[in-house]
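Chains: A, B, C, D and E, in written order; residue numbering restarts at 1 for each.
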Amino acid sequence: MNFHFLFSNIGDLTVTGLSQGAIYALIALGYTLVYGLLKLINFAHSEVFMMGTFGALIAWNLVGLHENDPVPSLPMMVVYLLVGLVGAMVWSGVTALTVEFVAYRPLRRRNAPRLVFLITAIGASVAISEAVGVITGRNQYGMPDLFKTANLITIGNVHVTNVDLGVLLAAIVMMVVLDQFINRTRLGRGIRAVAQDPDTAALMGINKNRVIVLTFALGGVMAGAAALLYNLKIGVTRADIGFLLGIKAFTAAVLGGIGNLRGALLGGLALGLVENYGSALFGTSWRDVVAFVVLVVILMFRPTGLLGESLGKARA
Amino acid sequence: MLLELEDLVVAYGRIEALHGISLGIEEGEIVALIGANGAGKTTTMRAISGLRAAQQGRIRLQGRDITRMRADQRVVSGISQAPEGRGIFPGMTVEENLDLGCYTRRDTAGIAEDRDRVFDLFPRLAERRKQLGGTMSGGEQQMLTIGRALMARPKVLLLDEPSMGLAPMLIQQIFAIIAEINTQGTTILLVEQNAQQALSLAHRAYVLETGSIVRTGTGAELLADPTVQEAYLGVA
Amino acid sequence: MSEVDTTGESAMGPAGGPPEGAAGEPAMGAAGEPAKDAAGAPAADGAGTARQTRPLLEVDDVVMRFGGVTALDHVSFTVNEGEILGLIGPNGAGKTTCFNVMTGVFRPTTGQVRLNGRPLVSRSRHQITRLGIARTFQNIRLFPEMTALENVLVGTDARHRTSVPGALLRLPRHRKEERAGRAKAHELLDFMGIGSTANQLARNLPYGDQRRLEIARALATEPALLCLDEPAAGFNPAEKEELLELIRRIRDRGQTVLLIEHDMRLVMGVTDRIVVLEFGRKIADAVPAEVRSDPKVVAAYLGVPDDAA
Amino acid sequence: MSALRTADDRRLAGLSAMRSRWRAIPRPVRILFGVAVAVFFYLLPNLAIPLIPTPDTNFASVLFTVAVYVLVGVGLNVVIGLAGLLDLGYIGFFAVGAYSVAIFGSPASPLATKYPWLMLIPIAIALSMVSGVILGGPTLRLRGDYLAIVTLGFGEIVRLIAVNWSITKGQIGIPSVPAPPGHWGNGDPIFGIIDTRPFYWLALTVVLICMFGVKLLESSRVGRSWLAIREDEDAAELMGVPAFKFKLWAFAIGAGLGGLSGALFASRQGFINSNSFDVLTSMLFVAAVVLGGAGNLAGVTLGAVLISYLPERFRGFADKRFLVFGLALIVIMIFRPQGLIPSRRRAVELADRKREAAEEATANV
Amino acid sequence: AEQNGGSSASGKCDSKIAFFGARTGPNANLGINIYNGVKLAVDQYNAKHKDCKVTLESKDSQGDEKQAPGLAQQLVQDQKVVGVVGPAFSGESEAADGIFDQGGLPLISASATNPSLSQKGWKVFHRMLGNDNAQGPAAATYLKDTVKAKKVFVIDDTTAYGKGLSDVVKQSLGSAVVSTDTVQPKQTDFQATVAKVKSSKADAVFYGGYYAEAGPFVKQLRAANVKATFVSDDGVKDEGFVKGAGNAAAEGAVVTCPCIPGDEAKGTFFADYKKAFGKEPGTYGPEAFDSTNVFLDGIAAGKTSRKDMLSFIDSYDKDGVTKHIKFDKNGEIAKSEIVIWSYKVSGGEIVKDQEIKATS
C-alpha cells in the first residue's frame, strides 16, 4: 500500500476525484430519475450518455470544428461549448426518448413485470452500443481541443485545472437546478406523485405519460451535459464507453440512495474520491475493486444508501 | 343530471364485475351506493374516475360523454375520488399530499383557504404536517385521503368507504362533514358498508348486488325496506 | 440494545405480572366464562391466582418512539390464556404499532414483551411466530400469486423442520410433514368456510374471503395467540355477525385472541376484556361493560355513550 | 416444444390444455416419453436435422455451450425465478468454478497442484457455494435493486481479482485446464478437441440431474417458502418463514450450480482468462432466465438455448450479431413479456395483467 | 484422430489456409494489415494455380482471448485446413496454440511476439519475426541511447503481450525505471495513471500494449502537460494510435517494431500491395505475406496433410520478402534475421526512424 503516494498527492487526487465524480453524478441523475419514477434500472442510460459524446462531436463537425484543428479563440470557444452542449443534449435526449418509446412504453402498455423492463433495457443498451459500433467501425474518435488545459488555481502542490473546476461547477449547478425543479415546482411534485402511486396520481389530475416523457428527457439532457464534460476531460470516445461508466454511475446512484437526487450528487462525488484514493493506495488496477467494496460496505451499514431513498417505505 | 352512467359494463380479465348498470346523480345530491363485499361498488367508482375502462356503456358528466376520457382529464372536468384502501402517497408529507389534491387548481388564495378548512376538520393532520403519509396510522391515512379529495373542490366527489378504519367518534364527524360540504354545493356519490348512516344521510341510494343494481329509492325508503334491512343493516 | 435485554430479563424475575396487570385481574375474574377451555394450563408462575388468569403475553412498559412521535408511551398489559382481549382506541392511538412491536416488526425504544415468560424483543420475526404469535394485517397482505391452499401451507410450514437436504433427498420426515400440512390446510380452509377456494389465486378472491384466508393462514402456524388487526373493516353488519361467531370458535379451539377493531358492536359482543389506548397511553383495562361507561373512554373514543344503535 | 403460435390466448389455453392432458396420461407413458425426449437430446449431435446445425461452428461444441448455459439458467432460475432475488453478478460464481478447476488442475497454474479432474469438480462446487454464502451473508438483507447492484459489484470484484491476482494471471490466463479423464481404445482422449460430443453428453447428463433436483426442491416446503418470500417478504417472515435462511440457501444452491457450469466450461475450453467473466455476460445470463420464462425450467432452458445458440447460429452476421441480438431481446420481450414458456403461475398472472392493461389503455386514450 | 492419406498422391485441390486474428474489435487495424498480407499471397498463388486453388479461411477473433479457443477448435475440426497464419496477438496465441498443437495443425504467426510462446513445447508453433526478448532490449537501448532518458515510467496493459514486453524492458532498463503502472484493455479514462506519471517526474514513458488504449492515454498525458517522451511498441504502430491521441499529442511519439517498413521489403511486394489495397502495407503486412507463402509453397509441393505440412515447414529454408526464412526447433527464426526498427510520429504520420542495432 502506497501511503506515501496517497498523502503526498492528496490534493491533486481530491481534485481529480471530484471532477470525475461530478461526471458520475450527472449520469447517475438519469438513473435515479427514471428509477425513482418507474422503479426501473434503465441500463440503456449508459448508451444515452455515449450517444451524447458523439452528439457533441457531430455538432462540432457540423459547424466546422474538427479533431486536429488549432485551439479556438476565447469567444469562439464559448460558442463551440454551447454548440457541443446543445448537440450532446439533443442527441442524448432523443436517444432517451427513443428508448422509452421503443423499449419501455409498449411494455408499460402491457403491464409487464419489472424484470422484463430490465431485459429490454439490457437489449436496448446492447443494441445501441452495437449499432454505433458497427457504424463507427468500433474506432475511437478524438475530440477537438477547445482550450488548453491549464492550472487555474495552485495552492502548494495542489493544482486545480480549468477543466476540473468547470466540470465540478457545471455538475453542481445542474444538480441544484434539477433538485429545485423536482422538489419545488408543481411539475416536480407531479413526477414524485407518479413515482409513488401512478393510479392515485391520475386521480389528482396528473398525466402519467407526460410525466414519464418529461423524466426521460430530463435524464437524457443531464446525460448529454455529462457527455460534453466527458469529452472535454477525456478527449476521446468510442461506441463501448457507455457500459462501464454507466455501471459506475449507477453504483454512484445506489451509493447515494437511488431515487434521491442529492444522493446522486453525493454518491457520484464519493465514488470519484474513493476510486482515486483507492487507486493511489492499492494501485490503479484495484481502483474498481475499491469502488465496489466500498459500495458493499456502505450498503451493509446503510441499506438504502448514504442519504436513503427519497421515497418513504410503506409500513407493515 | 350532473353525472350519468348508462348500461355500464366493466370486467377484470374474464370476470365481469359490472353487468350493465345505469344510475344518475343530480346536481347537489348525495347518492349512496350500498352492497355486499365484491358487489362492484369500488369498480363503479373506478369506472367513473377513469381508473378502469368500460367495456360497454356510457358515462356522462353534465351531458358530456367522458367514457373515453383519461383519468387525469376527468379530474380537470370536476370529478374527484377519495379512493378505497387509502391511496395516499407514502413518501410525501401530509402537506404535500394535500397539495397534490389541488394539482389542477391555480387559485392560490382558494387553495390556502381550503387547506385551512381541512386542517380544521382534521386537527391530527395539522399536527402532523411534516410526517410522511406512509407512516400515518390507518385511520389517519383515511383522514388524509378525504381531506385531499376535498382540496380539489370537485363538482362531484366520490367517496369510497370513508368511514372504514375510523374510530366511532370520527365516523360521526365524517358523516357530519359530508353533509356540510354537500350543503356547500358539492355533489357526492358515497359508497359505504355503514349502510345505516349512509342511507340516513343520502337523498337517494342504489343497492348493488353482484354487479347489477337491484333496488333504488330515497334513503328513507331503503332504510325502511325489509330486504335491505335484513341484508345490509344487520336487523335480524 | 443489550441493556434492553438485561432489564427485560430481570423484570421477568418477580413472578406474576407488572403492577398494571393487577388492575386488570379483578376484571378478569368478572369475565369468568373462558374458564372452560383453560383446563390444561400449567399455571407456571401464576401459582397464587386462578388458573384461567395465567398470563400468556405480557407487554411490559413498552415505549415506541418515531422521531418526535411517541406512538406507545409506557404501555403495559397482559393477555391471559384463553381470553379474547380487545385493543381499542382512537385513530393513531398506537394499536397497530403495538402489534408491530409484539411481532418483531419494530423493536421498541424501551420495554419488553414476553410470551409465556419468554422475552420477545430482539428476536427475529419468524422465531416469534414459532414461539406462538400469529397475526393478520390492517391492509391485507396475502401472497397474491399463490393459491389459497398454498397461502395456508406457508403457515403450516412454520411448524415444519424440513430444509433443503430433506426436500432434495425426499426424506421420510419431509413426506410426513407435507402430508400432514396439506391435511391441516384443508381443514383450516373448511373451518373458515372457504374450502371451495383452495385452488384459486389469493388475489382473485373477494375481499371478505381474503380476510378469512388471512386468518386461516395465521391459524396454520398454530399460534397460542392470534392477533387480528381490524378484521371487520369493510364488512357489512351481516358479515360482522359471522366474524363474531368465527372469533368465538377460534377461541374455543383453545387459541387466545387479541383483537383490534373499531366496530363497537363486534368488540363489545365478543371480547372478555378490553384495553383502551389513547395517544399511546393505556387509559382503561376492564370488562366491556365497564369500558363502555368509562367517561375517559367515552370522551376519547366512543363519543356518544352508546353508538351501536 | 410446440410450435409458437402468435395469438396469446390460444397459446395460453393450449398450454394449460396441454398441461392437463399431460397430467392425464398414465405415469409409465409419461416416463417413457421423458426418456424418449432425453434420448433425442443425447442423439442430437448425430442427427442431421436441417437448419438447426450451425454452419460456422462445430455443432457439438455449440450444443455443449448451450448445455452449459442451460445449467447456468437452471441455477440462476433458483435465485431469480424461484426466490425472486435479482442477481446480476451470477458470472462471479461461474468464474469461481472455472478458476477452481484451472488453478487446482492446470499444470500451468502458479499453484500447479494438478489435482485430478474428478476431485476438481467438488472443489469447484464447494468454493462457489462458499462464495455464495460469503456474498449472501452480509447482503441478503438488502432489498430488491440494492441487492442487484451489490451482486453486480460482486461479479465485477471477482473479475477484477481475476484480472489482478498473480494466481489467476489476469488477461494472460491459465492454459491446459484439465479435461475429464478417460481414453478411447486407440489411446485418444474421450474428452478431446476433435470430437466434442462426449463433452456435450457429459454436460447434458449434469443438466438433467440438476433439473431433477431443482424440481424436487420447487415442489416442497423450500420452493413454497421461496415463493412466499418473493411475493411479500415481510408477511412471509411474520408467518414463520425464516426468510434469510432460505434466501441464503437459494444463493448457495444457485452459486453451486453456477460454479459447476463454470467448471464444465473451463474443462472444455482448456484455457480461461479474466475476459470470459464480464458483466455483459452476466446480464445475458439474466436475460436467458427472463426471456425463456422465469420460474419455469422448460422456459429457462429455451431462454438459455436462444442466448447461447443465436449468436453462434448467426456468426455469419459477424460484426452485427450482437446488434441483432440486442434488438431480438427487445422484440421478444415486447411481444412475450411473460417469457417464451412462462411458468403456469406467471402465465396466468401475465395474461390477466395484460388484459387489464389493455382495458386501462383504452381508458387512457 | 485419423487423418486421410499421408502423401500428395491424392492430389486434392481443396486445401485451405486460415487467417486467425482480429478483423473487428478495438485493435482491428493490426489484424487487418496482416489479413491483407495473407490475402495478397493467396490471391497471387491462385492466379498462378487456376486449376488448383487454395481457399482462404478467416477467423475473426477480435483479438479476444475468450473467443480464441472456440475458433481454434473449429479450424482444427476442419481437416482441409492445413496451415494457420496467426494467431495475430500473443494473448490469443496463449489461448489457442495449445489446441492447434493437439490438432497437429501447423501455424506461423506473423506478429505474436511474446517470447514464451516458443517455449511451451508446441510443435506446430512458428513465427516470422523476432520476439520481445529482442524488442524489449532494443526499446531500452533506444530509451537510454537516443532519448537519453534517466527516469522511465513503464506502463503495461496486463495482456500477455504488453506485460511480457514491459517486463523485458524493465529488466533491460534496470535502475532507470522510476515507477510502473498498469492499465486495462478498453479503458478510456487514464487520469489516475497520468497523475502517477506526473508526480514521478519521469522524462520518458514506455508503454507496453496496443494502440486502442495508448491513443487516449497519450492524449490525456499531454493534456496534463506531461512532456516526457512517449516510447511504445509494435502494438501501437498503427494510424489508430494517432487518431486516438490527436496529431498534436501524438507528435514525437516513438514506437519500436520487429517488423520491416513496407518499402524495405524485397521484390515487388510493396507495389503489389499498394495496387491491391490502394494504400501502403501496414504493420506486419510483409511478414504475413511471407508466412502465407511458406504454406503455399507446401501446398504446391503437395503437402496437403497437416503432418506433411508441418515437416515441410520445419525444413523450410528460403528467402522471403522480409528475410531469409528458416525456423529453429522452437519455431523461431534465426537470430541473425531479427531486425528491430524504430518509428516516429511526425505530422500525424508514423514514419520509419532507424533500425535499432546494438542490442545490449
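Operating definition for what follows: a contact is a pair of C-beta atoms (placed from the backbone, for glycine too) under 8 Å apart; a residue touches a chain by one contact, two chains touch by 3 or more.
This structure is a prediction, so every number in the text was calculated from the model and none was measured.
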item: Chains touching both chain B and chain D; value: A, C
item: Chain whose average C-alpha position is farthest from chain C's own; value: E
item: Two chains joined by the most C-beta pairs in contact, as defined above; value: A-D
item: Whole-Å gap between the CA centroids of chain A and chain C; value: 50
item: For chain C paired with chain E, centre-to-centre distance based on mean C-alpha positions, whole Å; value: 77
item: Distance from the mean Cα position of chain B to that of chain A, given in whole angstrom; value: 44
item: Shared-contact residues (touching 2 or more other chains) in chain C; value: 105, 137, 141
item: Junction residues of chain A - those touching two or more other chains; value: 283, 285, 315-316
item: Two or more partner chains touched - positions in chain B; value: 50-51, 70-71, 135
item: Residue ranges of chain B touching chain C (in the complex, touch as defined); value: 15, 36-38, 85-86, 124, 128, 131, 135-140, 142-143, 161, 164-172, 193, 195-196, 231-234
item: Residues of chain D defined as touching chain E within the complex; value: 56-58, 61, 163-164, 170-173, 175-176, 188, 192-196, 269-271, 273, 275-276, 318-319
item: Chain C-touching residues of chain D, taken from the complex the two chains share; value: 213, 216-217, 220-225, 227-228, 231-232, 234-245, 249, 253, 345, 348-349
item: Chain D partner contacts - residues on chain A that touch it in the complex; value: 35, 39, 41, 43, 102-103, 106-113, 115-116, 118-120, 122-128, 130-131, 133-134, 209, 243, 247, 250-251, 254, 258, 283, 285-286, 288-289, 292-293, 295-296, 299-300, 303-305, 316
item: In the complex, chain C residues that touch chain D; value: 103-105, 124-126, 129-130, 134-135, 137, 141-146, 150, 153-155, 157-160, 162-164, 166-168, 170, 174, 177-178, 181, 201, 217-218, 221
